[in-house]
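Letters A, B and C name the chains as they come in the text, with residue numbers starting at 1 for each one.
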Amino acid sequence: MKIARRYRNKPKPFDYSRKWSLRTVFLGATLFLYIPIFVLIIFSFNNSRRGGNVIWKGFTTKYYDKAFNNEDLMLAFGNTLTIAVISTLVSVVLGTLTAILFWRFRFPLKPLFEGLVSLPIVIPEICMGVSLAMFFSKMGWLGNTSDIWPLNLINIIIAHITFSFPFAAMVIRTRLQSFNREMEEAALDLGAGEFQVFKDILLPHLKPGIVAGALLAFTLSLDDFIVTFFVSGPNTVTFPVKIYSMVRFSVTPEINAASTVLILLTLLLTFFALRLQRKELDGSHD
Amino acid sequence: MTDNPIVSIRNISKYFGKVAALENVSLDINAGEIFALLGPSGCGKSTLLRILSGFETPSQGELLLDNKDLVGLKPNKRPINMVFQSYAVFPHMSVEDNVAYGLKMEGVAKPEIKQRVTEALEQVHLGEFGQRRPHQLSGGQRQRVALARVLVKKPRLLLLDEPLSALDAKLRDAMRLELVKLQESVGITFVIVTHDQSEAMAIADRIAVLNEGRLRQVATPADLYQHPVDAFVADFVGKIHCFDLSSIRSTDELVRIDAKGLGELALPLSSMSSQTILDDANSSDFVVAIRPEHIQVSLSQPAQADATLLGRLGDIAFQGQHSIVEIMIDGRDSLTAIVQNSDAQVLHNAGQGAPVWNHWTAANMLLLPKDASNGPNR
Amino acid sequence: MVPLAIVFLYSFGENVSIVEVKTTWTLDNYARIFRPEIMTLLWRTLWIALFATIVCLIVGFPVALVIATASPSAKAWLLLLIMLPFWTNLLIRTYSLLNILGTRGRLNEFMGWIWLRCNDFLHLVGAGDLGLLGAKFVPIKYLGTPSGVVLGIIYVSLPFAILPIYSSLERMDKSFLEASMDLGAGQLQTFFRILVPLAMPGILTAFIITFIPALGQFLTPELLGRGQVDMVANVIQRQFKGANDWPFGSALSLMLLYVTFILLALRAFGDIAKARREGHHQ
């Protein structure tokens, strides 16, 4: 009788994540995705005035000063935030209503409407930009609409709402699908009115979806370039559009600095989003 | 069935971290038999099956097929094939292509593939279904495709993971017969994993009972039922009532016990299934047990009986061929007895709660250790 | 009230006016599309987008595979790792490539460094004078060439391609792969005969959601193409902001929409045909 032997823990046949060939590809892809961003951040500290900020000439933080003192840039940043906040709020409300509408009711031509709502999600951004620009121009809303803040941003806000509420609706709709209709019926059975049911039963279930939709809408608005570019005028500039014009003018570390700030903001948002998601998962057991 | 082992499992253990899925399991499987691995969930039977098929490697031990160690051999190189619990019939291929797949991998010539596939499909009664797609088939039909797919390769060993659990009752009975007939006609050694003891008892030539990673007993169904190695096995393969003991004394021919509730009894040595030393010291490790079909129920005290227990009549459930009578006993779980319908009628007339005498002969009793964890007995 | 508001807003999204500023219903603008320079433009757009998409799929598949088969705790982190760049602003990401892809940029720097090492190695083994690698390192020009634009599009689209493939792989029943192996197939055979076909829906989705945005890319060709490499979107933009030829711009963007819809329709028909074949799914 042979003595029992031990066997090393080799990766099992379909344990792809342990194979080194695949791990290398994964690593390569990750590096590919992150290196340009890191380089951008590093070069925001580059002491180089000309030459396109490609050659390292020494460390400095003066371009951050420049960026923060750049009035136009700061104004653009303010605009972007304002637009993002307002458009997110409205998008979420519209998205929720739309999602519930589609989930609840049947009406003629429903598939058509469903298609219309998902349109902004599938078509290339430039088509959105073009069509919104044309619409606004027909309404006389293109470019500067007013000199009063925030009304001058209204057209951009409307544009943002238009393309972000379908995304919010999609996220919320997914969340709706996991809703147990019987809970609603139980509440009605116990005497609650329709609105109360909505407020006390449906809305809490939807909360994670609404939060996710809001974050999505916010990010989309914050980052948007093409649509905003088509719809805005010289006085209503958002952060990405301003950076774009700076890039066309000349490439300096100031742009890097501004970009780094935006990256940090995005990171913070993502961090909060995850935190919220984890809390939701721990809290609600649906 | 002559003892002609083609598979030897020697001291196989499998650890997942600190948890032992299998501990020191050894058994032999004979050529041409239907062998069942039986046990509750988590007992390690599925792990053992995966070790046989090659999708898990044991932490320790050997696996011999025709006297060659298979450990370390990849699944696709083993002359062993498996029918998966979900059948795993490839949805993007036709039935024919599914069945031909294994032969294609072997590099068999096209005309021969065609012929063997047709034969295999005939064998599982799916001759006309060659061009169909899996989504067009019922669960039972997909299972037969999975069977044809492995049979066509004529493996040394065929593994089946819970083959009957996904089928409804009627289909289960039909499939049970078909599997046995199929095995007889192809002669391939089958290893079946199941948690259903009635399934195992009906199909298998021999059964290995596992619990918590350890092998409890390997025996034919009859042996398993009549001579279980311990109380766990006895209870797993059929209903049984156990009584704790307060003392044991053994002589050459008899074992004298004092069972709680039954008083003193003398049992012939044949009621023992292991040759352990019995005395008062380890009486708490043993129980004495009786099966429902051996319990007699009567309204008057029996004139002559080895063991007697007084109780009150509970529910009587008519089962068709016989009735199952429930008897309430003070101080322990209720007993069930299997009773002929005519006798059941008499009891029924006495009414619920009527005092009844339950008795049986000592020869029908089993003296069992609660837990025979020192490996199997043949 | 709510439905009305919705209808009102839909009119935004799908308002693409027909052709002329004065709506004379002329087909002249469409005719212009068929002129050689525009056809070249469209052709180039198509090829760049296609090439970039295919590379994204080829690289994305292994990455998705690694994530899908990782341990549950690792999965979330790996997914986050890959998705995080996606959340960063598109403009910033494209801009960051300027530093990398320039003739004095990081990529060429790296290639130059490799060239030096190889050259040193050759000198070491005595083959130095053969001039195998040329007299000195010639940096490759990426910016202002199609290769730069393609790299740029791959860079911004990669996370997009990974997600649907991951989703479809994650849902796959592992027992199919094991059955294949049990029947005698090797790893590679199982991969091509079973894994890829079963992941095909995810791959197709990945193709569509990568290809369509790639077609309509504006920023990447604009910033990385330096005016030398135009895609459809750049020309469209110029009609609106520069040349003030809105009708032509509309015509072009409608072309883009048509292509999008054709692709989506193909996908939808594929799904319907599949559903009809599968009938009552068990």
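Observations
Just so we're on the same page, contacts are C-beta pairs under 8 Å (C-beta built on N, C-alpha and C of every residue); 3 or more make two chains touch, one makes a residue touch a chain.
Quick caveat: nothing in here was measured; it's all calculated off a predicted structure.
Between the contact lists of chain A and chain B, the overlap consists of C. Chain centres computed from CA atoms place B at the largest separation from chain A. For the pair chain B and chain C, the distance between C-alpha centroids works out to 57 Å. Centroid to centroid, with C-alpha atoms defining each point, chain A and chain C lie 19 Å apart. Of all residues in chain C, those that touch two or more other chains are 178, 181.
Looking at chain A, one finds that residues 13 touch two or more other chains. Of all residues in chain B, those touching 2 or more other chains are 55, 74-75, listed in ascending order. Considering their complex, residues 53-55, 74-77, 80-82, 84-86, 88, 90-92, 101-102, 105-106, 133, 135-136, 138-139, 146, 149-150, 153 of chain B touch chain C. Against chain C, in their complex, chain A makes its touches with residues 13-17, 22-23, 25-26, 29-30, 32-37, 39-40, 43, 52-55, 94, 97-98, 101, 113, 116-117, 119-120, 122-128, 130-135, 138, 158-159, 161-163, 165, 219, 222-223, 225-226, 229-230, 240, 243-244, 247, 251, 255, 259, 262-263, 266-267, 269-270, 274.
Touching chain A in their complex are the following residues of chain C: 2-3, 5-6, 9-17, 59-60, 62-63, 65-71, 74, 78, 80-82, 84-85, 87-93, 95-100, 102, 104-106, 155, 158-159, 174, 177-178, 181, 187, 212-213, 215-216, 218-219, 223, 232-233, 236-237, 240, 246, 249-250, 253, 256-257, 260, 264. Across the complex, chain C meets chain B through its residues 173, 175-176, 178-186, 189, 193-194, 197-198, 277-279, 281-282.
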